[in-house]
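In what follows, subunit A forms one complex with subunit B and a second complex with subunit C.
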Partner chain A sequence: MGEEEKELHKKILATDAMKQLMATYYMEAKAAEGDDKKPVCWITSGAPVEFLVAMDIIPVYPENHGALCGAARMAVDLAEIAEGAGFSRDLCSYARLDIGSAMSRGGPIGGLPRPDFLLCCNNICGTVVKWYEELAVYFNVPMFLIDTPFVHESSRRYAIDYVAAQFRELIEFLEEFTAGSYDAERFREVALLSKEGIGLWSDILRLSENRPSPITCFDAFIHMAPIVTLRGTARVIDYYRALKAEIEQRVEKGISAVPEERYRLLWDNIPIWYELRNLGHLFAEQGACLVADTYTTAWAVEIEVDDPVNSMARAYSSIYLNISIDLMFKKVKALIERYSVDGVVMHSNRSCKPYSLGQYDIARMILSETGKPVLVIEADMTDSRVFSSSQVHDRILAFIETLHS
Partner chain B sequence: MKTGVPGKMCDTLSTLFDMRQDPYSGARSLHAAGRSILGYSCSYVPEELIYAAGVVPVRILGDNKQRVAWGGHLQNYCCSLSRSTLDMALNKEFDFVDGFVFGHTCDTMQRLSDILRINAGFEFHADLVAPSRLNGEAAFGYMLEELGEFRSKLEARYGPISDERIVESMAVYHENRKLVRKLYELKKRSPGKITSTDLIWAATAGYLMDRAGHTRLLRALLDELESLSVTPEPGDEKIPLFGIGSVMDQWEFLDMMETAGGTFINDDFCNGGRYAEDFVPGPDEPMAALARSLMGRASCPCKHGGDRSTALIDKVKYSGAAGVVFFLLKYCDPHSFEYPHLKYLLGELGVPSILVEIEHGAVSMESMRTRIEALLETIKGLKQAR
Partner chain C sequence: MYFAGVDIGSITAKAVVLDNDTILSTSLARTGHDSRNAGRMVLEEALGEAGISEEDLAKVIATGYGRLNVDFTDEKVTEITCHARGAHFSLPDVRTVIDLGGQDSKGIAIGDNGKVIDFVMNDKCAAGTGRFLEVMAAALQVDLGDLGSISRESKDPAPISSVCTVFAESEVISRVAEGVLKTDIIAGIHKAIASRIFAMISRIPVNEKIVMTGGVARNSGVVDALEERFKTRIIVPGMPQHMGSLGAAIIARERSNET
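Coming up: the complex of A and B.
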């Protein structure tokens, strides 16, 4: 295959627009630091950002910044600053590098703008509660926690009511920081934009159902940044419309993400950000396309515009990381079927216990109920010190070889 | 009488010492005698409600055996308490329990609950998803509903639980914690009368037997200790320390610390001083009182809402401890996160501290001794400098 053709497979043209979008977002957020009229709120990735957007508060995501630092291979230096201050090396590496970046203003964009307050939602883990408590102490700013009870069997009505009640408390909390007051109509508009953005993002991910798949999950990892950070805004919709059109075109023309797609795989867990490119190449060279993942689908929550507060309470409570292993397996199984997957690659991520503990059991369920093989690789999403590149690459190659037989 | 010989100061302590050699022997005997038993871990499981159902709640502690069965289900980067709990369950070492109850604390326990339910094959399993927010009426309302759900689950298995039984059961537990508190007060007053090993074990033993029986044992112990006359010999006085951590189940470590010349005068261990603090709410409906009691007690770092660090630092100050030992389980996120700030606050107070990190089944007494000795030396040095 010629170089030109290889390029054709790789390059998604919208990538530049995405980079521009994110650069503008970070520039605006940084410019808001110290501006009383533009409050800055640090927010966890699974929190209901729609409330902030509706009240003109700038949301800043330490987790997205963590991914950025990881991909730029700057995470370890930042984490070491926090470790020097007494934070254990066994703690989540996003938390460590974020605290290190706050202390040093280090990282690819010179650190995040100082928060005026913090919004934490424990639907992704209990770690964020502790992490944000430490940030609240460090910056001496208030923190609001939205507690979304974990779902072991099924969501209880009273649990959803509890979350909805916290949303109403949140509105009062936010009104302290903004000149204006909460406007239900404006919130509905934001919810509508959020729903539309999420719908487009889901559509894009579903284009990977095509054979060959037009994108891999490595593409999704990169292009998910706007749905995480700019959910509820109009610009995210413009961007995803363009991206969707481009990917649809790839489907029409039969352009595949991986030159010769022989195997279709599913990725589980947060990406290994510092190794994204190398892993992308490794799988592609073997004709293995990671057509879907359990991570980027996490932002595909369902919002009903007629009843945004209650429907969001339900949606934000039942995301992938806030449900039991059995319920997770059901979702994985649905992905395996929908995307016609041949095997599953699980990243056992030292930094993320809710995502990783239970993977061995889910792997057994996958094998026994779908017959699909599973590979578990040990790593960390941003701390490359615990990553053994040659070992992981060998295991991946061996796994793909077994798919062949 | 010479002070500080673990398990030897009085008859009740020697009874307790014997129990320590086989912590679940009491539970096994109760089971053999026809009592139903439920295992649980962590502080937010309502023991009172289980007890009101006529069932003995037994808290599972870590175990120091070398273990392997957990490896097929858990990664090595979760705490050894969860690993040993799962391992014992898979090995059928909990043949005396009907099942397990989890109260929702950290990420690891949350997943351990699923893994244990799926693999250990008990007849009964319940998750009481206690709120992570301990403040506010919304959290209270949720807790009340969740407790009601758990009550129904217990009733479906063990028969109806009357409100009167809940009131009686709560009285048993409040009385019990009051006596544990008295034991801690006695320790503060006369540190030479009971070692930290005996103190924390005496509190912990309540988790492993019928609670009313434990209360009788504590009464006898308090009587015996009160009547004991102890005059410390010169140079025999131990340096008062404060322990911070989750579960303290390393008796050998405590003995080593005592031998090295330090003693926990008070602690924040969830099976020790933290548990003893208790919270007795005002008159209310039984279930509401139970919810308030669970939410009002000294909090585990997994929970959000109270000002845990201020309360904890105040407790250290009030205890009169000359130093603090952070006794943390490796991979325990909630405790590890708060460590740097607590250490900083202690530094501001001029209280030296040391971090001891352990994993069940891989405890290195030598390295812990070195750390404890370093802390004691520092304290002695500070004393002389003043």
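Coming up: the complex of A and C.
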């Protein structure tokens, strides 16, 4: 590749701003530890953070921290601490490394700030319930659980009412906990900010519909951190406005994410954090661009500002991991069509059972209904001990050879 | 015009030299610790047998795990594509390839033109591979090459529940201690492998026309057990271990015609 060309595929400039944003977020959260006026809440990735933001509680995401530890290749050491304490290796590696980090204060940022309470929503899996119960005992803090019924065909009214009722209970809990009062107007503002941030994020992802695509899912995996951790704040909006403008410019100038885009692929499941860079290179070298994924789109929930509590009850109940395989397939199919993909790469993730169970069924549906080939690779999002690089790379190369007809 | 394909697997390295459509020569040697050297050795041996030299080759393609560090060609193709092409060339109406090699097992569904439609490979597990059988043969103190004929004598295969190499080895040792006949234990091992492979291959479209390649195809006991499981005849080509290198040579020929 010549210098000029290299310049063309240069990294996204907003990356530095994102790193800054995340560093500030973690610094502020860590500084709040022990400060009574700034409660810290550990929260699951699919929980309605807007309630916390509206009451000036600092949300901290063990799963995002898990991704950080994975990318820094520090996850295994942390997981081994939890395993030494008796946690099974079959347990989700986010849970293991989080517990290990809590016990040792280890990891790239020296562990997360101690929580004042926990907010757990089981819309992503059942693991989080037991994991957070462990944390509640370990830190001796209260845990609030939101139970979201599984969606088989469509969200039922009674299920939405049930979740909305729990949201109202959550409000009471938060008022009691902070000795503050809930302000519906402020909540609407946060919901509006959340909606706007989500809108911008969705717009950015949609720019990959362009051919060649200006970004890959590997970029999306990195730039999703703010929508996960800072959703509902104004900072997110500033950041995504800048990112969107930059990506739009790439589209205008015809800057592609991979040097020669020959194949457009869809990624399924959580990224393999410790392999992000290597996989990115491998696909790029083959002219394969992962234009979309089922993961980063999970944060594109729909919120109605006029009825935030009920619309959020619906939105948070029907996220990707809380719906049936048939509904998952519908979403995958829509992505295949929208992004005009040539094939699908599924990461069968040893850690994440709700994400990985059913992948072979979905793969069969994809092949029979869209004719697109599917590759399944086996790994774990942060536990590199179960990853065999030569086997996975070989399989990816073989898959790309099959696309080349 | 002459073409060559070299397949450097985990246990053996293979080479095939083609004169257009005709196989001129083949060679096979253990890979050992130096896969690069093994690749060169088998290539030279096959060239010697064909009576030509490296300069006479229009193109060489390498495949297999050791393909990445050979010095005689820049062109590398994965063994999935090569096995499919080799099997299609030898038996044009075959649509499913079961390849049981030294360190991995795979299933490949091929289309009318020899193109790969779908494939599966085992993961981090030696069950059903040459390595697994080597460990079992050692535990039973029989020759690897005799496993097939010994198992054919069994009337009552012993149930072997584990297909993990480590667990199966201890299971086999305790069966021996219990006084179970070696013939029955070996037949049981072959059955266990067949169930495992059947489950894996069932993830891809399986056609009745199945060919089996790789070193394990030389074990008639595994082939019998697979036939029983798949309820169809399984074809073993004359040189089951050379399908990958043959496929590589054919791709070399195709690519050289393209340019």
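Worth a mention:
The working rule: the second predicted complex is superposed on the first by the 399 of 405 C-alpha atoms of A that agree within 3 Å, B and C clash if a C-alpha of one lies under 4 Å from a C-alpha of the other, contacts with A are read in each partner's own complex, and residues count from 1 in each chain.
The criterion applied here is as follows: a residue touches a chain if its C-beta (ideal position, glycine included) is under 8 Å from a C-beta of that chain, and two chains touch if they have at least 3 such contacts.
On a predicted model such as this, the values are computed, not experimentally measured, just so you know.
Within the superposed three-chain model, A:G86 lies in touch with subunit B and out of touch with subunit C [touch as defined at top]. In the superposition on chain A, A:L145 makes contact with subunit B only, while subunit C stays out of contact range.
In the superposed pair of complexes, A:C125 makes contact with subunit B only, with no contact to subunit C.
Contacts of A:S388 after superposition: subunit C is touched, whereas subunit B is not reached.
When subunit A is checked against subunit B and against subunit C, the one touching more of its residues turns out to be B.
Of the two partner chains, subunit C is the only one that A:L397 touches; subunit B does not reach it. In the superposition on chain A, contact is made by A:Y360 with both subunit B and subunit C. In the superposed model, A:P373 makes contact with subunit C only, not with subunit B. Where the contact sets of subunit A with subunit B and with subunit C meet, they give residues 360, 378. Interface residues of subunit C, counted against subunit A in their complex, comprise 65, 77-81, 104, 115-121, 123-124, 203. Interface residues of subunit A facing subunit B in the complex, by the touch rule stated above, are 85-88, 90-92, 95, 122, 125-127, 129-131, 133-134, 137, 145, 147, 149-150, 152-153, 156, 158-159, 161-162, 165-166, 169, 324-326, 348, 350, 353-354, 356-361, 378.
Subunit A meets subunit C in the complex at residues 360, 367, 373-374, 376, 378, 386, 388, 390-391, 394-395, 397-398, 401-402, 405.
Within the complex, the subunit B residues that touch subunit A are 72-75, 77-78, 104-108, 110-115, 118-119, 127, 129, 131-133, 136, 138-139, 141-142, 145-146, 149, 301-302, 304, 309, 330-331, 333-334, 336-341, 343.
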